[in-house]
Amino acid sequence: MNEAAVRAEVAGWLKANWDPALGLVEWRTKLAASGWGVPHWPAQWHGRDLSDGLVPVVEEEFAKAGAIGVAKAGIRTLAAATILAHGTDMQKAKYLLRILTGEDTWCQLFSEPGSGSDVAGAVTRAEFRGNQWVVNGQKVWTTSAHKAHWGLLLARTDWDATKHRGLSYFIIDMKQPGVTVQPLRQMNGYASFNQVFLTDAIVPPEEILSSVGDGWTVTNTTLMHERRGADGLRSWASGTDGAGRAYDEERAEIATTMEPYRWYPQRAGRVDLVMPQAVASGAIDDPVVRQEIGRLLVMAKSAEWTARRARTAKEQGKPQGPEGSLGKLASSNVARMAARVHTLIAGAGALLAGPDGPADGMVAEVLLSVPATSIAGGTDEIQRNIIAERVLKMPREPSEDTKKPFRDVPRNTVS
Amino acid sequence: MKFSFSPEQDEFRSNLRRFLAERSPAKEVRRLMETDAGWERDAWRRINGELGLTAVRIPEAYGGHGFGFGEQAIVLEEMGRVLLCAPYFSSAVLAAGAILNAGTDAQKAALLPGIASGAVVATLASVEDGGDWEADATRLAATRDGESWRLDGHKSFVLDGHSADLIVVLAMAPGGLSLFTVAGAADGLERRRLNSLDPTRKLARLEFRAVQAALLGAEGAAAGPFARVMAEAAVLLANEMVGGADRLREDALAYAMMRMQFGRSIAGFQSMKHKHADMLLEVELAKSAAYFAAAALDDGDGDVMATASLAKAAASEAYTQTAVHAIQIHGGIGFTWDNDTHLWFKRAKASEAMFGDAHFHRERMMQQMMGDAVMGAGS
Amino acid sequence: MKFSFSPEQDEFRSNLRRFLAERSPAKEVRRLMETDAGWERDAWRRINGELGLTAVRIPEAYGGHGFGFGEQAIVLEEMGRVLLCAPYFSSAVLAAGAILNAGTDAQKAALLPGIASGAVVATLASVEDGGDWEADATRLAATRDGESWRLDGHKSFVLDGHSADLIVVLAMAPGGLSLFTVAGAADGLERRRLNSLDPTRKLARLEFRAVQAALLGAEGAAAGPFARVMAEAAVLLANEMVGGADRLREDALAYAMMRMQFGRSIAGFQSMKHKHADMLLEVELAKSAAYFAAAALDDGDGDVMATASLAKAAASEAYTQTAVHAIQIHGGIGFTWDNDTHLWFKRAKASEAMFGDAHFHRERMMQQMMGDAVMGAGS
Amino acid sequence: MNEAAVRAEVAGWLKANWDPALGLVEWRTKLAASGWGVPHWPAQWHGRDLSDGLVPVVEEEFAKAGAIGVAKAGIRTLAAATILAHGTDMQKAKYLLRILTGEDTWCQLFSEPGSGSDVAGAVTRAEFRGNQWVVNGQKVWTTSAHKAHWGLLLARTDWDATKHRGLSYFIIDMKQPGVTVQPLRQMNGYASFNQVFLTDAIVPPEEILSSVGDGWTVTNTTLMHERRGADGLRSWASGTDGAGRAYDEERAEIATTMEPYRWYPQRAGRVDLVMPQAVASGAIDDPVVRQEIGRLLVMAKSAEWTARRARTAKEQGKPQGPEGSLGKLASSNVARMAARVHTLIAGAGALLAGPDGPADGMVAEVLLSVPATSIAGGTDEIQRNIIAERVLKMPREPSEDTKKPFRDVPRNTVS
């Protein structure tokens, strides 16, 4: 199908079917049946086998019509991509539609207290007893685990295999007695994440993805989609601005999904607040403050333009240059410098938080949130390793843990 | 100038470290920081009863032990290590310092013994809403009222200002900048605790409406003594800060040694080793400046104002930088509420701003030094 | 705003890179930097004859190719990579820019074809002994002399000023800031080569004693065109600088990959890997700023002055920092004369200062931006 | 002997013997014979077996009398200490006296183009052929090699032994045809060091120190003394200010010895020049410049006080604290920051060097000399490793080259 044909067909279908008065699930069920909700998916599974290049065309028509798309919140799309790649037909039938309609929500159970940067070092154990998997262990940094119906679980099934070969990947029912979810409070007062305690939690044998021992391969599928889609969550979060039941329900869905991310603008340093704060406080009259703001803006603007440069090159179909791998580290530097500049501008105001503090406490929140940027989603150190090894092709660190049985690998005994 | 601690001082420090480790574990810090005052009179009395820390630098004639800044710097460094929740800085550094520098003999005899014993908790209120640390920004007005004085205006960022028994207040009198003492419970004084970034150290805003006050020293004579108190406070806070920074550094090192990733201790990764080497360097340099500045106060050095600013600037950068690194070294866990690192991080950020940030103190230091440079430029 | 180069531009760049690698290896740079002029007319003619680089941004009507800043930025980035010793910046950026911005049509038609062909080497003399880059520091005086003008005073830091055939001079005329053209061999003009930190780029001091000059454009109308030329120069120098920085970075990486210590490639040490990752980040960010600023000049963006300063500030920090790292990565050998690293190091330091350092440009950028911020502060 | 007795005896001997009209060698020969020149050395070898603690007493008496001591320039004292520790009596008799009188000068042949930080990776080879050692290879960073009579040579004698066991340590005659010395020009224009090419250079069998294969032990003796005495060279360089032939000859000796170190103040950043330059140029009126100077002075003063703190603790006999190991890294940071501040102050002046440049070219010299500080005598990276491993007891890097025969260790094929 060429672009014009796609455009015409989508527009026609939307004209005939889109109705903001529908309930969100009702509309999305219809949408999934049509294949236009995820047109690049297989026709067999709610899609239309359309090439990736034509997806923006479909999205444009949706935007023109003001039509709402399928549910897209973060972990949900990772779950779908992973199930599409590795799931059985039974799993696809059971999960994919309810992912698209937004009826089921998902969480990711990879990180553990003892393995932060080192995901493959997971020690949560799954043992096959009788006719089912019994899972014990602890997971952390799980967003929205308290709301999720299903979890993507990485667990160790073989301690005599090497680190990466002893892992398996399961879909776990989060609403069972063996799963306890506790909020994990952060230093900035928010609790965006959860700890998940798994105590004799049960997974039926048919809920493994791929095969026993193949969990690392499946995990990489999820992580790859996570890296690719890092921006998706935030851009989607803008929602659609209209009147009608579907719009109302979508806004409520967005509000719930975005709740854990409320402090994310602050952890990014709120560069946008710097000039207004400096002007409001009069600090802008100090040449030293101007220098520091200048330094920050040079870095922030350069980082922004670097991201745009990478995006443009990608759109033009050029091979990815080094500029494409630098975003996370750049953001981290920008956030850290922004926190310093906010401190400088605030002066004594940096002593205060909440309504007593500058910008109604927003500056204090920046200071206490920024440390997350250089840690979450891969520390700065891991980012530098990745840039050095993948982009600059520098030698990898000699591995000390991947060749022997995992039970012999030194690991944390306390968390 | 002394560059090393005497055996007596070393012993004092190690006793104090043991004592404070026992009395002020993180659990106790967390308990006290959730209280409104941020400290408890019982615990405060016990600490003072046993070691008499508030008395350290108060002369024997006024009920103190008569030691110097060197000894008080040790006290503060050790308190900074454990984030002791107590009104020590407000009472034994700020208020005692103001009374010692500005008060008459009679006033010292009347006010200092209570502070020395810990029975009276005092503080100093100098800066106002704008957060300008310079004395000439003082707007709070003092007017004569018969034999006494009345104060009208406000103060902010006052350490333990909502819980202190006695408040030394910097005000503008008809005769110029002057210091006054006011009872914490005085009529017309409205005290509101502020929401401080650092929950282990409480700040207050004070509203004065015709509050009765007693003049401390002579009218219009406060500028010199106040500048001296601020220099002392900068030096002693710098010592407290290097204590906190060193503790953070040690804890981060211990964590790195214990933590395994990729089958090895993360302390073995070269980037971790280099970070720790840099942290050690920065903290040790800041320590030297803090120690030197305390010795300069004792020795009555001429350029003590510049040295005080230097020490505060060094400590500000070192403490904040160490705190940033410490969280990073702990990784995700370091960002959680249950991990203790953020307590020191918040103290670091607050201490950075308290009494003027590094930017303020570098400028102040340069202003002090510029006279010399102009003279030395031709050589 | 363009964010990627077109296929034609990419091809232009790769041809140019091959060409310059062949014509300007380090050996040739070392040979030319030891000459008094710092360049040779023969080599210069060959380069221009084959690729017509001086003509790139000059309109076709004046004998040029009529491309934009995007293309000229590519030329400069590639020249910066090889430290080409040639009067390109002085002639094709500064002088051509001044004539394009300030000259009348007749003057453009008279002056630009020579510059475009490379037959005439021109430069711009603006700053004086104090090294103040602001136009209002201009003291050199222009006085009317019948139909012509005479110049009295001096200029310094003039790029290729001792070897240029034609000099555009910024001077203060009775009617205000004005531009003039002067022959390099004019009577009363005394030219002295300065001892430049960067031996690959020569500077001169010019003494004007009743030198005959021709007015360029209108009397008193130079401020705008001159500011624009300085912004163009900042952007194009930034592009030259990121070229040099990227080359240094690549060479340092290649050295680290090849160098063995302790039985392994030093590129495998984590601190080396992290340093290279940071260098890549800094250079790529500065590149983005330089590219964006060049595109902004072509697109006639309103805030092009701020963007130009931003690009120069970014390039200054990145180039110097990369040069410092590059020497460090090479170790002792990187500090020797025979190793080429110092040639780029010196160019980096000199480029940092040229047309205003990062401090100067950050302040200039902030001044440009502050109007917006005041307006945006309420939102 | 107690302090008073030493004091009296030295004073008496000096009163009877010190004469500034003597030739320097004549005086020092006398001095060496008396044992007062190196009183802590063995009585058998020009000393008096005096405890180290009493040496300052002797030095004080020399200072009081204005008497010149034995020759003390850098490598010479390292040679003496190494020969005293490992030399045969024949070697001691041959070299020690002429070291003390200043008649012989020495150089150190350790570093090679392929092994900078990694001294034990030396590949200069010494082969025993016929009845002598034949040496081939290249050494670098050799101070005053063109003037030296003798060299302390580290060379590989066994390629089948492990890295550290295959080395031997020789005394080599620098004035032989097989030794070619070339100056090594630096980026700042100075040539303080030399490259030394060894082409079938000869070492007689009796000129080995300790035994074959024991070279690394001997090298460590030299390096330990080098680390300890890092300050000695500069403090000694002040010389004695008096009239008389001995004084004149000493001043000439100092001038020659110190020649390679002329740019060392510039490589340290010339913090002393910062304020005068800022005042002279008017840059001091810029608050941004004041901040940067302030930042530099905070660091420089703190570093100075840290060094004094370490020294005082040492004088009081306390165990060395961490502050004692930080000096080199601190100096390096100070120098780098000083170069940045000088650049800021210089403004356009940073474009110029020599007489055209600020402070008569001194600022340019600072900018072009500072890079040496973080490299020479152990790079910043090596210093950080040392601090981490020795002071903080962090784990050592796993060694990849110390356990196998050296011929199998990967190494540089080009320099």
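The first chain written gets the first letter, and so on, giving A, B, C and D; residue counts start at 1 in each chain.
Criterion: a contact is a pair of C-beta atoms (placed from the backbone, for glycine too) under 8 Å apart; a residue touches a chain by one contact, two chains touch by 3 or more.
Bear in mind that the values here come from a model prediction, so they are computed numbers and not experimental data.
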Winner on C-beta contact pairs when B-C is weighed against B-D: B-D
Centroid-based (C-alpha) most distant chain relative to chain D: A
Geometric centre distance via CA averages, chain D-chain A, whole Å: 56
Distance from chain C to chain B - Cα centre to Cα centre, in angstrom: 51
Distance between chain centroids, defined by C-alpha means - chain A, chain B (Å): 43
Set of chain B residues in contact with two or more other chains: 264-265, 269-272, 274, 359, 363
Residue numbers of chain D (touch at least two other chains): 287-288, 291, 381, 384, 397-398, 400
Touching residues on chain B, where the partner in the complex is chain D: 2-4, 253, 256-257, 264-265, 267-268, 270, 272-274, 276-278, 280-281, 284-289, 291-292, 310, 313-314, 317, 359, 362-363, 365-366, 369-370, 372-374, 376-377, 379
Of all residues in chain A, those that touch chain B in their complex: 111, 113-118, 121, 140-141, 163, 184-187, 189, 288, 336, 343-344, 346-357, 361, 364, 367-368, 371-372, 374-376, 379-381, 384, 397, 399-402, 409-412, 414-415
For the chain B and chain C complex, residues of the former touching the latter: 269-271, 274
Contacting residues of chain A [partner chain D, same complex]: 286-288, 291, 398, 400
Interfacial residue positions of chain C with respect to chain D in the complex: 127, 130-133, 157, 194-198, 203, 258-265, 269, 271-272, 324, 327-328, 331-339, 341-342, 345-346, 349-350, 352-354, 357, 359-360, 363
